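You will see chain A twice below: alongside chain B first, and alongside chain C after that.
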Partner chain A sequence: MKGPNRAKRIPWTLVLFLAAALIPTLGSRYYTFLATDVVIFAMFATSLNLLLGVTGLVPFGHAAYFGIGAYVCAIFMKDLGVPFLPAWLFGGVGGALFALIFGFFCVRLTSIYFSMLTMAFAQIVWAICFKWNDVTGGEQGYPNVPMPSMAWLEWIPWVGDLRIDHKFFYLTLILAALSIAAMRRIVNSPFGRILTTIRDNAERAQFIGTNVRLYQLIVFSLAGGFAGLAGGLFGIFNRGVFPDFCYWPKSAEVLIMTILGGIHHFWGPSVGAAILILLNQYIVSYTEYWPFVLGLILLLLLFGLPGGVVGAIDGLIRRSRTLVGGRG
Partner chain B sequence: MLECRKLHKAFSGFVAVNNVSLTVDRNSITAVIGPNGAGKSTLFNLITGHLRPDGGEVVFEGRDVAGRPPHKICRMGMARSFQRTNIFPRLTVFENIQAAFIAHGGKSLDMWGLSERQYRDETWQMIEHLALHGIAHSVSGEVSHGAQKQVELGIALAGKPRMLLLDEPTAGMSAQETHETIELLARIAKEEDLTLLFTEHDMDVVFSISDRIAVLHQGGIIAAGLPDEVRRNDEVRRVYLGGGMH
Partner chain C sequence: MSELLDPFFLLGQLRSGLTTAMFLFLIASGLSLIFGVLKIINFAHGSLYMIGAYIAWNMTLILGRTSIGFLGAVVIASLGVAVLGGLVERLLLRYMYKREELYQLLFTYALVLIFSDACKYIWGTQPHSVSRPPILAGSFDFYGVRFPHYDLFIILLGPAIAFGFWVLLNRTSHGRIIRAAALDREMLGALGTNVSSLYTGMFVLAAFFAGLSGALVSPIKSVVPGMDVEIIIEAFIVVVIGGLGSLWGTLLGSLIYGLTLAFGILIFPRFSIFAAFVIMAVVLIVRPWGLMGRPVK
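Let's look at the complex of A and B:
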C-alpha cells in the first residue's frame, strides 16, 4: 500500500477484476457459484477489516449487519416490490444505521469489552430475526427472494445469452468491485490515516486533536453499511435469508477469513475469503470433519503465519528483494 | 498563558496533586521538578484533559479547560509529549507527522482525498527541522529511541501549538542526544513563540534552559520561582536537591 516500488504500479485491482470476470467463460455453474460466494465474502471480510486491521477494533458481531442488510434488501424486494438497486442500497443503509446505534454503546468500551458488547448486540439481532415470524419468517427464514431484473445485461452480446446465475455473478462482481473500491479509497484517505493512528495509539491520537470515539463510531457504521451491502447480495444469491446470517458462527467465520488472509493488507481479507471458501468446498468433498481441519488451519495460522497469508507472501517478497540487493 | 488554581486530584484516597497553583507566563520556559511520585505526570494529565480534577481550575488563555476532553484542549493550542515514547509505531516517521498535520488541518473527515498528498511540504519541513530526513520512510516503531522522541516532538509541533507540555523530553537519551534535544527545544520555543512547560530529571538541563522552576513534593508545590531562588531554597535542598547542589 505504500512505497513507490515498481511491483505496486501494476493495477492489480484491475487484473483481479478481469480475471474474475472470465470465470463464467469456463461454462461451469459450479465455478460461478463458488466465485459468487467468494466475491460476496471478500466484500464482507474487507468491511470487517475496516475495523480490525485499519482501526484496531475487534468486533465479534459483524454478522449482525450482514444479516440486517440481507433481510432489509430481501423484504424490500419481495414484500414491498422495490426494484433491486434501491432495495440493495436500503440494505446498506439499514446495516449502517443499526451499526450507528449499537456502535454508540460499543465504542464506549475498549478491547475485550468492546468485542463482547458487539457480540451481545449481534445475538439480540439474531434472536429478533429468529422469533419475529411476521416480518423475517422467524426460524423458517425468509425464502424465495426474487432475482433482480437483469434485462440491462441482455444488451451485452455474450453475457445476454448466459444463464441467470452467471448473470447474477456479473452483477455481484460489479457491485462488490465498486464497494471494495470505495473502501480502498476510504482506507487511503486522510480519514483512513486518522483511523490508523487510533489503531496504533488511541491515547496519542486524542492528543493530536482526534475525537477517538467519534471516529470509531463513524467507521463502525461504515463497516456495518458495507457488511449490509454484502448481506443483501448474499440473500439473493442464497435465494433466502435465514437467522443464522446473524448468528455468532457467521461473525467468527468472517473474522477467521480476515485474519487468515492478513489484516495489515487491504487485499488480505479477500484472499482469506477465497482460501477458506475453496478449502471448505474441497475438504467437505473428502471428509465430514471440516471443523477439525478448520481448527488445524487456525493453529497453523496463529503459530506459523501471524501476518496471515498475504503478510507472509509480502514478507517473502521483501526478503528476496533484500537478497538480490536491489530495492525493487 | 496558563494558570492552575488549587488543583486537586486523589486516587482512591491517595492525594496525588494537592492544592497546586501554578502560573506559566507567555513565551516562558517553565520546569516542574520533583522526586518520583511527586505528582508531576498527574499534574500534566490534569492540565491536558487526560484526567478530570477533583477540584480547582485550569485556565488556559482565559478559559477554564479543567475536565474538557483532551482532543478539545489540544485544538485550543496546547500540545504535549509523553514520558514513555508515544507515537504511532506501525506508521512511518513521515506518516506520523503527516497524520498530525491532517488532524490539525481539519482534514480528518475527508474520506475521498488521498492521505499521501496531504501536507507534504509542511511534513518535509518539519522532518528537516528535526533532522529526521534520513529515516523518514522507516517504520517509526523500529527507529532508535532518541529518534522516536524526536518524532513525538514533531507530532506535537505539527499542531502549531502555542503551548507545549513535555513530560521528561530527554528520558532514556544518551548525553549527546539530551544535549541536542535541549538545544532544539530552546531554539524551537524561541522561533515559534512557544510557551514550554516541562518535567525533567536531569538537573543540568533544568537549570540551563528554564526561566522559572516549580518544585513538587508529595503532591504539593514547595517552591516556585527563578532558578537561582529555587536553588537556594532550603526546603528544596532538604527534600530534593540534596547537599550536592550549589
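Let's look at the complex of A and C:
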C-alpha cells in the first residue's frame, strides 16, 4: 500500500465499474442479460462473505433472505403499488428483520449446529413460500413483477433511448455498486475489524470484552439485509419470484460462488459469481450435464485451489514479486 | 375432521407412518454412523441409495421377476454400492478428514452432483419401477385395514437392523474399537489400531446399507432422478432430531418424522413438510446435539 507502489496504484474498482457500464454499448441483449445476472449475484455472494470470510460463520440458508427480499419487493410493487425504490428498500429491511429473528437463535449455536439451524430456518421459509398460495402464489410462483419506471434515465443522453433491459442493467449496476461499497465500508470499519477478530479467535475476543454473539447477530442481520436487496433486484430481473429462490440448492450455489472466488479477499465472491455464471452459460450450450461439470469444478477447487481463484492469483502475484526482487 | 375419529383411517395412517419411519431409519442409520465415527455429514449418502435403486432395477430386468431374482438384485445392488463407497473413501474422502467442515460438506455435495448426472447418463431420466417380489406381493387384512406384506417386511426389518447394529457396536470387539474411534481417533491409532482401514470399513458398511435401502425401496417408489436429494433431506432431518451419531436417536427421529408426516396431514393438510422442519429447528434450539445425542464440542 505504501512506498514505491503508490504511484502505480490504479483505482481498479472504478475502472471495473466503468468497464461494466460499457457493456450495453455492445448492443447485445444477451451480454447485458448476463452482466445483470453477474452483478446481482456478486452482491448476493459478497453479502454471504460478510459471514463466511469476514466473521467465520458458515450459513447454509442464506438464500432465505434473498428470497424474502425478492418476495417483499415484488409484492410491494405489484400488489400494493409502491414505487420501486421504497419497495426495494423494504425488501432489504424484510431480509434484515427475518435474519435478526432467525439469527437470534442461530448465533447461540457453534460450528456445525449453527449451519444446520440456518438451513432449517431457510427450509421453513421455503415451505411457507411454497404453500402460502394467497400471498406468494405458492408453487406457481409470483409472476409478472413490474419493471421499475426508470423515467429519470430518460434525461441521460443515449441511455434514454435504450431498451428497458439495458436501462435495468444500469439501475442494477448503480444500486449494486452502492450496496457493495456499503459492505466494503462495513468490513473496513472498526466494527468489521472486530468481526475479523471474532473469526480468528472468538474466545480471545470474548476476553477483551466483546459481546461476540451480539456482533455476530448484527452482522447476520446486515448480511440478510444485503441478500434481500440482491433478491429484490433478482425478482424484477427474473420477471417473477419463485419458492426456489429460498430453497437450499440456491444457498449451496451462492456458497460455491463465494468459495470459488475466494473468501479471504473482498472481491473474491464477485469474481466467483462471474466465473460460475459465465461458465454455466458456456457449458450449458454444449451439454445438459452442468451439475456434473460443477461437481468436477468443486473437486478441483477443494483439492487444487483451497484459497479460491482470487487467493490463487494473489499467491501468484506475490511469488512473482519476490522473484523479481521486489517486496512481497 | 371426522377422519380423526375413524379408527380404520387412523390405523391406516399408523401403518403408512411406520413404513416411512422404518425406511428412513435404514438410510439414516448409515448417515448417523458415518457422522458418529468419521465426523462427516455425508450428503452423498442419498446418492448411494439412488445408485442402489438403479442397480436393483437393472438387475431385476436381467434376473427376472421371481423372488430369487429380486433377492439377487438386492444383494448385487448392496454389494455394488459398498464397493463404490470403498473406492470413494480410498481415492478421495480420506484426503478430506483434516479439512474444515465446510470443505468436507462441499466435497460430499460435489459427489451428489456428479453421481446424479452419472445416473441420468447411465439410466436415463424416465422413471423406472420394480415389481414386488412374488413372495411379498400380497397383503393381509388387519382389523379392516389392508396391510401389504411388503410394508410389514420393512416394519420388521428396521428394528432387526437396529438390533444388529446395537450388537455390533456393544457386544463385539470391532464395536468397541468403533466406539473408541468415535471418541479419540489419535489415541486409538497410538494404541496400534489401523484407524485408516477402520474408517474405510465404516464407510463401506454405511454404503452397503445405503445400497440395500435403495434396492428395497425400488418396489414401492419409482426410481427417478432426484430421489437422492429427496431422501437425504429427510434423513438429515431425522438424524438431527434424533442426535447425530446416536443409533437409538436415529430410530426415534425416524419414528417422529414418519408419524408427523402421516398424522400431520390430518391437522395441517398443506403443512406436513413445514412441520418436519419446525421440529428440526426446535430441537436444534433446545438441544442442538439432538434428542439422544451427545454434545460434540
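Criterion: the second predicted complex is superposed on the first by the 318 of 328 C-alpha atoms of A that agree within 3 Å, B and C clash if a C-alpha of one lies under 4 Å from a C-alpha of the other, contacts with A are read in each partner's own complex, and residues count from 1 in each chain.
Just so it is clear, contacts are C-beta pairs under 8 Å (C-beta built on N, C-alpha and C of every residue); 3 or more make two chains touch, one makes a residue touch a chain.
Given the structure is predicted, the values throughout are model-derived calculations rather than measurements.
In the superposition on chain A, A:21 makes contact with neither chain B nor chain C.
Using the contact criterion defined above for the overlaid structures, shared-chain residue A:100 touches neither chain B nor chain C, since it reaches no partner.
By the touch criterion stated above, A:128 is placed in contact with chain C alone, chain B being left untouched. Of the two partner chains placed by superposition, A:278 touches none, neither chain B nor chain C. Overlaid on A, the two complexes show chain B and chain C touching no common residue of chain A.
Considering their complex, residues 58, 105, 108-113, 115-117, 120-121, 123-124, 127-128, 130-131, 248, 252, 255-256, 259, 289, 291-292, 294-296, 298-299, 301-303, 306 of chain A touch chain C. Interface of chain A with chain B (complex): residues 2-3, 185-186, 188-194, 196-197, 199-201, 203-212, 215, 218, 264. Here chain B touches chain A in the complex through residues 48, 69-71, 74-75, 79-80, 82, 86-92, 95, 98-100, 102-104, 107-116, 118, 137, 155-156, 158-159, going by the rule given at the top. Within the complex, the chain C residues that touch chain A are 41, 92, 95-96, 99, 101-103, 105-107, 109-114, 116-118, 120-121, 233, 240, 270-271, 273-274, 277-278, 280-281, 284-285, 288-289, 296-297.
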